[in-house]
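Below are two complexes that have chain A in common, paired first with chain B and then with chain C.
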Partner chain A sequence: MKKIRQCLREHSVPLALLAPAVIIILLVVLLPLIFSFYTSFTNYRLIKPETLWQWIGLRNYQRIMGDWAFWVAFGRTVLFLTIALNLEMLLGLGLALLVNRITWGQRVMRTIMMFPMMFSPILVGFQFKYMFNDTIGVVNNALQSLGLTHEAIPFLVDRWLAFFSISIAEIWMSTSIFAILILAGLFAMPRDPIEAARVDGCNNWQVFRHITLPFLMPFIYIAMTIRSLDVARAYDVVDVMTGGGPAGRTELLWTLIARTAYDDARMGRANAMAYVSILLSIFFTWFFFRKLMQARKHLGAF
Partner chain B sequence: MSKRTKDVIIWFVTFFIMLIICLPGLWIILSAFRPNGEILTKPAIWIPQNLSLDNFRAIFGMGDNVVAIPVGSYFRNSLVISTTSTFLAIVIGMSGGYAFARFQFPGKASAFLWIMLSRTVPGIALSLPLFIIWSRLGLIDTPFGVILVYTAINVPFTVWLIEGFFRQVPHELSEAAQIDGCTRWQAFWKIEFPLAKSGVVSAGIFAFLTSWNEYALASQLTRSTDSKTLPAGLMDFTAQFTIDWAGMCAMAVIIIIPALILTFLVQKHLIAGLTFGGVKG
Partner chain C sequence: MSSVTISKVKKNYGAIEVLHGIDLKIEDGQFVVLLGPSGCGKSTLLRMLAGLEAITAGDISIGNRIVNDVHPKDRNIAMVFQNYALYAHMTVKENIAFSMRLKKTANSIVDERVKWASEILSLEPYLERYPKELSGGQRQRVAMGRAIVRNPDVFLFDEPLSNLDAKLRVQMRTEIKELHQKLKTTTVYVTHDQIEAMTMADIVVIMRDGVIEQSGKPLDIYDKPANLFVAQFIGSPGMNLLEGEIVLDKKSKIVKSGNLSLPIPQSSKVEVGQKVVYGIRPEHLKPKMNGQGLPAKIKVVEPTGPETHLYLDLDGNEVCSTSRERLEWPVDSDINLSPVLDNVHLFDAKTKLTIDVG
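Entry: the complex of A and B
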């Protein structure tokens, strides 16, 4: 006890400075999360307040483990994230390499490249809902005007087309984050190793594969880590575009949580699902953060 | 192929790709100035016939046809909530970031990690307990309730960014000022703060844009004109049987304009802020 008090006295200034940040996160994030952890063990329904005290143990978790719809949504979310993150990374890399090559008007190009970053996820969702709409959407209109198809293509209705459409929206929204971070890596890159490799007779591909890419890896993983902090932004996009529908065809973990909690009013079960989604987010962040550390160590070894 | 022609080809390829990236956004902006009738016509009208500000007049309740959605109040709510929560997140972030950058204390590394981890919680997952607690406390559908939440979700990021910028300011500067008779408080405001200002600015912009664009929490924690923000209000247009596409486009433009202006004004800081972690290695 005495030790703690002494420690507090010694470090009173930094602790006081840190206090507001800790308190607000404690109040608005941690305490609610502890509360929701508790409710995930109850049969809590919004319409029946007294059910908050109905302890049912692990039954919510058992229920979702055996729930086929939940696992489909979970699998779709993981597939969606894997496809989206990888394509965003590849497209961002390509874009950054292109912009890096330009000498004339590079600043303007860089500004244009950031255009999608100014759009909020909800706007991105709306924008692609509008474009992919089967009666008035610009994509269908263009295909019909060009005579490529007579029937309207149901972009947001068909199972795989809808998945494709939400992926396009997500990729459009986030590719520029990768492009900008990778571009920063290209700017920070030392010239000497490349020139040395050229003198030694490496071709373009070899230079890229063995010098540029290893140097860029930490930047790519930083982008991945930053992105996986807010992968759940995809909820906004999908909620506007399809709402998880039609008939659950684009249901992601997050839209399923929202439906279970607010439409079916099953708060207890939704909280159990929410914990799975939190673990998923933490897993993605942790995974890329570890990769980042490895890539840095690897780079340091040279 | 000479190097020059190759450069020209690369330039045009890049330009073309940028055009494709911009088209979806530009299409929305163009549609905001077209009447609903023209958007709905089949076969599609490609060249806009009559562009006007009618859609904007309609959603703000002026002109001939009026949309029954109080976009004006939503705009005011968004502005109040975003600026207040940004201001709070900056003050808290400066205080916390300075503590991390300048002091040694036990549990520093793990404290930092835990603050960062709080950001990984998906908004929709956080909305469930907040919805229950806020309704018990009477904070549902109040600007204060939303401000509190937005401040908390912005703090990890502002702490992280501002910490990095303070660390770049050599601590000898502040020590020298203190030897010359400044108090630590004066040294902070006269020496360290001006040098780290760009970091504070970029953290502020990030916080503002996050609050301005947030949807998952706002859609559950707000109800009426008392606190509903623009992103949550955008969904009002789809609640009816027919979607008012032109109105939605106009509202989308209203949401995007402040973000656009802010981003262009402070682009340099934005890139500095985003690439910060990377450049430092």
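Entry: the complex of A and C
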């Protein structure tokens, strides 16, 4: 005790200066976290406040373990994440490589590339919902005008097409994150190794494969880390476009959790689901971060 | 191994011409150093040889093949870059083996070649390391290893030593020269360091502003510079230069520069009244205490060990004189300088070209 008191006295000024920040973080982050974690062990329903004190132990978690709909949504989220991240990476890489070759008007191109990121995801969702609409949507209109099809394609009604449609919206919105980060990597890339590789006998593809791509991998993994967190919590675009429908065919983790929490008002159960879902985010962050560290290990420091 | 022929080669960047018709013939097995101040076009010429820059006009051939439009990978050349240009994500071994892997060479041959190269360059203990775990000199050796395993027709070096510290530079200089004596591969080496050029080259090519000023054996260039620029550029400390005019003094031609009367060989092809620049290298300007010659005052004494450098005031001109002796003369003392007549250089003041002194 004596030691602690002495320590406090010695560091009183830094402690006093840090205290507000620490207190605010405790209030804003830690308290809600503890509260929500607590509710995941209760039968808390929004419409019955007294249920907040109904401790039910692990029953919410047990239910989730046996809940088929939850695990389907879980699997679908992983699939959605895999498709979106891979396509965004490929498109972003292509875009960055092309923009990197432009010598004139590159700054304008870079700005234009950022446009999709400037819109609210909700609006992007509405816009794609309208475009993919089977009666008034421009996509159907275009396909029919071009004579590619005579029937309206039910983009948001068919189970696979609906999944395809929300993927398109998500990819359209976020490819530029990959493009921007990869472009930054290309700008930072030293020219010498590329020239050395050309003299060493590489054709253009081999230069890309053996020299450029390894250099870009850290940048790609940074984008992957950011985007995996982003997509794992995907909600707005999906909710606006399909609402998890048709018949739950595009239900992702967070549309399911939001429905459980607010439509069914089962906040305790929803919080338990959320804590299980967070494992997914943690896994992907850990996975890509490890990849990033591996890729970075021998680069840099030149 | 091959000869290299560069004929009437020009290079434009947009409207700006940076190389104005370069002609150069490099014999098989020669070590040629391109030397010049920065911006003279020497690196551009080397990069054109490598195929990293397009040729605007003229022809470059390696062996008997014109390579103007040949991709770098098909020229069978190896290049060592100033910044080493190692592949950071590959180990030393993978760096060295990279070109062979591209050609899908059999593992046994790759191992054998890597072993051979790493022995020559004493890189065996580092084969499994990554470039960032190596020192500057080791990185440069890896870059050389990457070049020699290919058994190329021509080696190209682009200022390979300029990122190294002074001591390492001298050491690597010797290693590169030794390597060349061992492998006898035609080599083109770019540098702005005249000591490197003098010590390593069979042939030195001095460039300025996109033209070749002079090419020849290092000592020939040192003894017989073709013009004022070469005379100034080669040699350290530099040649002493005094502007003056040819006058007759008791029926013999001398150079009158200010109050100085500078003797010249009478066989010099000069006319009375001609404006000239009188040049004498520091080691040919003998300092003497209380002797005959040109009166000068000591400004700075620099003992370098093997030599003593004296910086002097000679009729308002700063000149340098070097001596093998250890001169411990005090600053501000008056001494005399006598130029060695056989080693006097004369340049026409207008054309800047060397005048034949006979």
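By definition in this document, the second predicted complex is superposed on the first by the 270 of 302 C-alpha atoms of A that agree within 3 Å, B and C clash if a C-alpha of one lies under 4 Å from a C-alpha of the other, contacts with A are read in each partner's own complex, and residues count from 1 in each chain.
Convention: a contact is a pair of C-beta atoms (placed from the backbone, for glycine too) under 8 Å apart; a residue touches a chain by one contact, two chains touch by 3 or more.
Bear in mind the structure is a predicted one, so any value in this text is a computation, not a measurement.
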Exercise for review: Scan A:I211 for contacts with chain B and chain C and give back first, second, both or neither.
Suggested key: second
Check your understanding: After lining up the shared chain so the two structures overlap, which partner does A:A265 touch, if you call chain B first and chain C second: first, second, both or neither?
Key -> neither
Practice item. Go through the superposed model and pick first if A:R101 touches only chain B, second if only chain C, both, or neither. Key: first
Exercise for review: Scan A:G201 for contacts with chain B and chain C and give back first, second, both or neither.
Suggested key: second
Practice item. Considering only the touch criterion stated at the top, classify A:I24 as touching first (chain B), second (chain C), both, or neither. Key: first
Review point. More residues of chain A are touched by which partner: chain B or chain C?
Key: B
Review point. Now for A:Y130: first (chain B), second (chain C), both, or neither, which partner does it touch?
Key: first
**Study point:** Intersection of chain A interface sets (partners chain B, chain C)
**Key:** none
Exercise for review: Write out the stretch or stretches of chain B touching chain A in their complex.
Suggested key: 7, 10-11, 13-15, 17-18, 21-22, 24-25, 27-28, 31, 39-40, 42-44, 46, 91-93, 95-96, 98-100, 102-103, 105-106, 111, 115, 117-126, 128-133, 148-149, 151-153, 155-156, 159, 209, 212-216, 219-220, 231, 234-235, 238, 245, 248-249, 252, 255-256, 259-260, 263-264, 267, 270-271, 274-275, 277-279, 281
Review point. What does chain A use to touch chain B in their complex?
Key: 7, 11, 13-15, 17-18, 20-22, 24-25, 27-30, 32-33, 35-36, 39, 46, 95, 98-99, 101-105, 109-123, 126-128, 130-131, 135-136, 138, 141, 144-145, 172, 176-177, 180-181, 184-185, 188, 218-219, 222, 226, 228-232, 235-236, 239-240, 254, 257-258, 261-262, 267, 270-271, 274-275, 277-278, 281-282, 285, 296
**Study point:** Sites on chain A touched by chain C in the complex
**Key:** 190, 192-193, 195-203, 206, 210-211, 214-215, 297-302
Check your understanding: Along chain C, where are the residues that touch chain A in the complex?
Key -> 50-52, 71-73, 75, 77-79, 81-90, 98-99, 102-103, 130-132, 143, 146, 150, 156
